[in-house]
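Each of the next two complexes has subunit A plus one other chain: subunit B in the first, subunit C in the second.
This part shows the complex of A and B:
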């Protein structure tokens, strides 16, 4: 069938080249077979029917749109509510928080009452403070040096991991992109396997490795496994493989070495995914809990993320301010690299 | 791709400011915390026996003593004795300066006044006599007007009166006629006598054999009739100490009970009388004790101790940990709260009753304080519920 159509097209093309136009005989349809008066009537009827259908479709799409907007607004509200809640409640006084939510925290094991008990009254969720107060912030920033020390612990663990992992990932991805031999593909496959493994699976080997290297209970126990994580290698490799080979070949013809190709050709093309990875890695490692919890026994070395789960123990009045301050660095990093993040995600297909 | 990218340089600035702020805050974090949170010393409360000893401090006083005073207005030339010197009867204690030029001037003025007063008195008497003579002569002349002798007598009497009046007016010309002249003369005479007597004193002597104490005389001082220059305590006198004990403590004391003291010299201190203290008769008692000693030093502070039986108490705290205000006695309990940022400590006021004290430790009762940390010392005034840091907080 396809052959016939192709033959027909070929013939028409030959005729066209010779400026010969042969009118194609159109097959007779139901409408064309009708007499003109009936045809008009038929067309009118169809037009009216189509108009009704169109109207229905419009109404349906409007209703769907309204429901969609309501659903998405609800979802957005649910997503953004805790953040608003945290920020607004951080300006409540400690006594107000205790009055509103004390019942929730008292019911938890390890509370100040040192015992669990049933919640016999509902907590009062309040967005607007009765009296705006900066007590929580002054208490946590001026009277709790350990909070600041742990803040720095978080920064000093996260920043080296992000920088180290990106450095390693860029070079590893370049090698995977440039030399696609069988053995390297097998190695890359292992990278993918490692990436797919949940963190908890590699936790024990990591622990044993750290113990062997005698770096347990030091920041290196968290930083080194983080630096050699495989996720960004996979993403950057996938991205780099989409860079046209012609660029690299042109650079080779111009006499560029591997380092020059890497720094002058490949990396400038990878700015967006590297920035996106940096943001994602920062947010990921800023919130890490298991690694420091297992690798760092000394509480003084653990980052803030470990303590946020326990921040309501003892003095619940500080929980909201502690969380609000904790959110600032990821928020700033995200705001700084928002454009690169969107661009990087769209280019490299990061989910 | 062709979308316009927003200017994000402000975010970079915010990040730099945030990190700088965080750095500064961290650097000064301990300093700021130390400014806001006072350092305290706490100790876990415990029970135990308290051998509480009541004590009171008072001075050794002689039963009899001579207060040495001196006549008014003399200047001390030499003080020959010091506190606790032994003196014999009539031994010179201090010497006074001989009358001064000023003193002599005052005395001479007084004598001149006396002389004037006496002259005035004499001429006043002569005036009265002349008046009487004149009156009599006039009377006689009235009866026998032709008698020339009477006329002469009247004239003589008049002349005598005018002379006496002139003399009187010469004497009283400056100050007028003195009223109560006789009394005044007596007073001036007495004053002169006293002054001469006073000015004749040149030494102050001891009235008895004994010990000199409370020497308040210093070279160059002017004497005063009321001022005690020193005290001479006769050798044969007894010595006593009067302690002020609480009524509950004094319950165990009877006349003859011996009280231990901290004085090396006191050999025996025996209760003589127990009387209510007039200032607080219900709660306090004055315990007067007779003292026997190798050597006595009047005015020496002696502390008397009355030991009482030992008792066991549930809560014993350092006496410095018990505070007092209008609502009564209280202690500060340091509540420890475990938080992810380390242990935090807050003080909580707990009203207590003081059961007994030995000065160092105090037995208290109140709410259940078992195994609580009690505040012993604080570097700043505290309020109920205030956050504090223990002295070894930094180490934690």
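This part shows the complex of A and C:
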């Protein structure tokens, strides 16, 4: 009995399928409706038109490319030119620099004789030094030790800040990643506000605290506030929150403690942003002018960046070499770590 | 009978209390494990930012830093009517309001050009990123050579086109600082935008192409939508960096620059050298309140952007 019913149904299904296929109308296109002779002609015409369109698009895109390259080369030229010229000028002899740029520096606002701003002389930016000499470098490195001392000061201030801040920030951002309760979020928001505070605002509280702790005029007055600055906490937390929760849950199930999760699960995933932050912090603190200017009254302790600003007015002959030397460590770090910087920073930028 | 009920209630209460204690102990443990990591940072922040800031607020209401007599709002009135302060605020606000959007737009433009099939993409990227790595102190020298009144730029325009010389530092100081800011900070923004552009889901872009969407429409309806969080992030980074322009101005023109270049940082610095703590603290308090309002607005916007992208 059931067999019969099944047979019936199968037949009906087959019929239905046939029916549907028969119902389907063959689509009639414009081309197939044409008679064969016209059809050939039509296709030829369309092909020609398409070829023209394609060619036009190619020309358009290549023009756009040329414009893009010109635009970018202009931007890149502006970006790289000052650095390039500083290095070139550092190989001039002092007298040549005096001859070239003496006019320029006499007319600066800080200079004594402002009358010379009306001297009608157009200075040239010398591309290639007339006589290549390493005078400036030998003067700075061998004869005048104060540059090297300031250089050492810069290193002494920058390296502890970078290492200390990263160590503190990694732990803090781990905590911000693991516990996202209400109070913690409020604290995080407070950290962000601290990070966004303009420099001179945080400088005042720092100064007062340094005064009460009696560490003014020691390197600690610059280092300690730098270590507890919250910029890297923000970036690292942003990155850490993108690590999948499952990693941490798996570690917990396997019986890992907080410290183990931190060192074995979270930190190995955060190599790129930590490297990027190290580079960013290094350049930022290598660059610093304001903190040492306020915190360190003793000239012997100030880093090269503050010292350079005073050199500019005095002996221009040596300034270019000093500037070039000061540029070298960050540029070397950049060459070595560009990929990490790009990766780490861009990862924390996108949500 | 009554006694039995009484005993049972006491017993139950005891059990409940014990449970509560255990629960709170557990919570404490959980909280402590996470907070241990926060402790060094939080202690430092407390020591170097929060506590001294409270001291600042106290000083701002005093007659002077040493005389702890309550002076009411007199100090605030003094600072808010100080012309130098108002000018400094105006200059800084103008600078930030112009440069942050400019930095976003220009770097987005450059990133879009870089993102189209251009030969030598990574070279251009590294070249554009290099200015970020150069210390301000060492690059200022060359800017002085280029932009001073007797400088190279004026020399070139004079020789090539016979143009009148322009005193960039005096008359167009703000333009100059904006240029210096953009020169330094565009590279980082470009990187951020590039990676965001690469992260836009290709299906969406392709389907929009199938639907006959032009490049302009594609940019405004699709790319800009996915770039939202990155634009916010770039804005924050630019905002932070825009307050650091003081370095350039200080190294270019010294402690007392021409009127238009007088930024808030100059005001604070000059007060520092005069050891005028009450005014300093008042200015710091006012600034931080203003910053809190700005940050609040920013994060309100961010939360709305986030909602949009997640849906």
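Throughout what follows, the second predicted complex is superposed on the first by the 271 of 351 C-alpha atoms of A that agree within 3 Å, B and C clash if a C-alpha of one lies under 4 Å from a C-alpha of the other, contacts with A are read in each partner's own complex, and residues count from 1 in each chain.
The rule we apply is simple: a contact is a pair of C-beta atoms (placed from the backbone, for glycine too) under 8 Å apart; a residue touches a chain by one contact, two chains touch by 3 or more.
Treat the numbers as computed from the prediction; the structure is a model and nothing was measured.
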| item | value |
| --- | --- |
| Fit-or-clash call for subunit B and subunit C when the two complexes are aligned on subunit A | fit |
| Partner chain(s) touched by A:206 [first = subunit B, second = subunit C, both, neither] | second |
| Partner chain(s) touched by A:338 [first = subunit B, second = subunit C, both, neither] | both |
| First (subunit B), second (subunit C), both or neither touched by A:141 | first |
| First (subunit B), second (subunit C), both or neither touched by A:151 | first |
| Touching partner for A:86 - first (subunit B), second (subunit C), both, neither | second |
| Of subunit C and subunit B, partner touching more subunit A residues | C |
| First, second, both or neither for A:301, with subunit B first and subunit C second | neither |
| Contacts of A:236 with subunit B and subunit C, given as first, second, both or neither | neither |
| Touched partner set for A:248, first subunit B, second subunit C, both or neither | neither |
| Shortest span in Å between Cα atoms of subunit B and of subunit C, once chain A is used as the common reference | 12 |
| Contact residues common to both interfaces of subunit A (with subunit B and with subunit C) | 333, 338 |
| Subunit A residues within the subunit C interface of the complex | 64-65, 68-69, 71-73, 75-76, 78-80, 82-83, 85-86, 89, 101, 103-110, 116-117, 119, 121-125, 168-169, 171-172, 174-176, 178-179, 184, 187, 189, 191-209, 212, 224-225, 227-228, 230-231, 233, 257-258, 262, 283, 286-287, 289-290, 293-294, 304-306, 308-309, 312, 319-320, 322-324, 326-327, 330-331, 333-334, 338, 341-342, 345-351 |
| Residues of subunit A defined as touching subunit B within the complex | 112, 141-152, 307, 310-311, 313-315, 318, 328-329, 332-333, 335-339, 343 |
| Footprint of subunit A on subunit C - complex, ascending | 31, 33-38, 40-42, 44-45, 47-49, 51-53, 55-56, 110, 113-114, 116-120, 124-146, 148-152, 154-156, 158-159, 167, 169-170, 183, 186-188, 191-192, 194-196, 199, 229-230, 233-234, 236, 239-240, 243-244, 246-247, 250-251, 253-254, 257-258, 264-265, 268-269, 272, 280-281, 284, 287-288, 291-292, 294-295, 299, 306, 309 |
| Residues on subunit B engaged by subunit A in the complex (per definition of touch) | 1, 5-6, 8, 11-12, 14-15, 18, 22, 25-26, 29-30, 32-33, 36-37, 337-342, 344, 387 |
